[in-house]
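Sharing a structure, written as structure tokens. Questions coming.
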Amino acid sequence: MLEIKSLGKTYVTGETATHAIGNVSFAVDEGEFVCVVGPSGCGKTTLLKCIGGLLAPSEGEVVLRGKIVTSPPEEMALVFQEYSRSLFPWMSVRSNVMLPLRHKSIPRRERDRLVDDALTEVGLAAFVDRYPWQLSGGMQQRVAIARALAYQPSVLLMDEPFASVDAQTRDDLEDLVLKVRKDYGVTILFVTHDIDESVYLADRIVVLTQAPTEVKEVVPVDLGPERDQIATKELPEFAQLRTHVYRLIKRERSGDELHGIADLDVTAVGDAGTVGRSGE
Amino acid sequence: MSPRLYRSLRLGAEIAVPILILLLWQLWTVHADDPKFPRLTTIIGEFQDLWLFSQFESDVLPSLERVLIGFGIAVVVGVGLGIPIGLSRWARLWAMPHVEYWRAMPPPALIPISIVLLGIYDKQKISFIAFFCLFPILLNAIDGVRGIEPTLIDTARSYGVPWRDTVRRIILPAAMPQIFAGMRTSLSLAVIIMVLTEYWSSANGVGYVLSNAKNTLQMGPMWAAILLIGLLGYGLNLLLSLVEGRVLAWHRGYRATASK
Amino acid sequence: MLIPVLSIIVALVVWELVSRGGLISERDLPSMTASFGELWTMVKTSDFWHAFFQTVRGWAIGLGLAILLAVPLGIALGSSEFAARAFRVPIEFLRPIPSAALIPLLFLTLGTTLESEIFLATFGAFWPLLVQTTYGVHDVDPIAIDTARSFGVPRHAQLFKITLPSAVPYVMTGVRIASTVALILAFTAELFMGTGGLGKQLNYYGAFGLNTSVYAIALAIGFLGVGIHYAMVALERRVLRWHPSQRTTEAALR
């Protein structure tokens, strides 16, 4: 449904050209949850902005349901990392969520219903008339998610949305996103630097290289449709996947094959609980 | 000392200090007995005679009119131009030399010229006020627009919000705090320019009364005029603060939490 | 860089055309070339420079005095909440008094002397500088102070090593604003009271209907204003370059 074909993005400032993105290609099927991870500074945000139509790629193209993306498509909604910078402080929570719907030709009652449903889905029905800055970080990000939901997109792009909240809130928000996916059936493209998060959430993980970015590997995640913060993370498969992705990124970061301690799988919950090299 | 004691002492000082100063003035002027510095009681007497109703309509109202209309024009034009200029780098390159020149030019230098070109009546004064009060607002509007958090604009773009809505619901509110800062400067400037232009050549207005008092060496009315001008400036500023308080209520809360 | 220059050229050309083309009579609006020409002639006379430096002198002394008075007072008010609250009412009342209103008073007391000019300039420049300094001292990062206190740094050292350095950006902004105000008021005193300088010249030419000279002087004062403004901006930048600006100052007054 969503295809990223040989996407490249180069910034030219004066004499120097920075290849933020080299050659990225992958596809996302309808209803899939795809996580994108990579070393710091590998252009994940740039990639997402290109996919979302906010930046024009230098090479390649993004195709959504057969049409090339040249500007933000109506079917896509983007949730930024910095909620405090994407929610409008002079508008109430309800107005914030309603803003994208104003210019769509929807009757008023329908519009209000969408807003209320979205806010109920994220658990903020009681806070509709508050201002965003009156809410905690996690709640603000929920508002941003509600705004995206009310917009009724078929694809949800999320740029490290939980990087700025504390760990416990993050767990709740991760489960919220899974619930949203189940209830609304949206396709989700989720960028993160948190490896555990990516394995927990994804159906597939796209691992990126250092800049100039390319796809290093696409890792399928076979942990089943029902995820649980405790049960899923206890599974040996979880640890193996996590280690695998971790190694891929670590190699990217240091630029060469690592040997020795780094390869020891200290997190593997093997049958004997021993420390040893895990099978890949 | 206990917090309560401290707070009551502080409140006491807040009330006592102004009263003390006024008392000192009264004592000093009685002692100095200089006609140029009349007693507080005399000034207040003159103030009452002059302004409370006898010359209110003939002088205070015209002055107020000029300030408010001139300032109003400056706000509308300043914001109206500031937003497009702030958004367009190209427009900024064209506009900035002129904006920078006129904002640094001392307004009084142009008073004689303005009279030659525009006459000595309301048209000249209002245009003059509007022209020079334009620039602080314009500059702040431009800065306000340029300083808008890019993510806010990206958000609007990604949701396909049409441009007119973006300006109305996002750009304007986001730049408002900065615009109000410019308005505060402009308002003070408006009062000063009003006084200066009326003082220079006018048939009515508080500046005219001031100049007339000087020419006829009437100290009482002169001080009363100074007092009135001070009150006018204070009052207008207060009004603007009240409006700002309403319009930017969200901003205070936002800043309080953002700085945590 | 090209467009700004082009923009200036276009404006000058429009001026020339409007004047020579008769849209506004040449008597009322001397042409651009005539005005600049007159300025050029003036610049070659010593009279002009005499007046010029008189204006600069009034500005400089006025600004200097304002700094000497406002900065210490601002530090005192910013450091002591008690003092700040006690004097809040008088300051709020005196601050909005347009210095322009004091012209007749000065005329009748200090007369048409340099003192009048300096008083006016100082009075006007004092308030924005006081406000900015007070705000800057008040706005010191409480965490920095707490850290110093926990290390037993005495109060006067806190003032000099933490509070004052962090207030510098605000003070510099205040100086920049005060400098503009001081120039306007020095010039106003000259224009309205004839205390000397370019303002007196402007008045003189205006009284005799020598419009071209009026425009020339206006141009000169405009350039002086712009020059002072940019000098202050450069100074501000210089001072702040080695100052680790921890926070962006709100350009509250421009």
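All chains are identified by letter, namely A, B and C, in their written order; residue positions are counted from 1 within each chain.
In this text, a residue touches a chain if its C-beta (ideal position, glycine included) is under 8 Å from a C-beta of that chain, and two chains touch if they have at least 3 such contacts.
Because the structure is a prediction, the values reported are computed rather than measured.
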Chain contact graph, described as a line, ring, star, complete graph or other shape: line
Between the pairs A-B and B-C, the one where more C-beta pairs touch: B-C
Identity of the chain that, by mean CA position, is farthest from chain B: A
Distance between chain centroids, defined by C-alpha means - chain A, chain C (Å): 53
Centre distance in Å when chain A and chain B are each reduced to the mean of their C-alpha atoms: 49
Rounded Å distance, chain B centre to chain C centre (Cα mean): 17
Shared-contact residues (touching 2 or more other chains) in chain B: none
Contact footprint of chain B on chain A as seen in their complex: 49, 52-54, 72, 74, 76-78, 80, 82, 84-86, 88-91, 99-100, 102-103, 131, 133-134, 147, 151
Residues of chain C defined as touching chain B within the complex: 3-5, 7-8, 11, 24, 28-29, 81-82, 85-90, 92-94, 96-105, 107-109, 180, 183-184, 187-188, 191-192, 199, 202-203, 206, 211, 214-215, 217-218, 221-222, 225-226, 228-229, 250-254
Interface residues, chain B side, partner chain A - complex: 149, 151-152, 154-162, 165, 169-170, 173-174, 176, 250-251, 253-254, 257-258
Interfacial residue positions of chain B with respect to chain C in the complex: 6, 9-10, 13-14, 16-18, 21, 36, 90, 93-98, 100-101, 103-113, 116-117, 136, 139-140, 143, 178, 181-182, 184-185, 188, 191-192, 195-196, 199-200, 207, 210-211, 213-214, 217, 219, 222-223, 225-226, 229-230, 233-234, 237
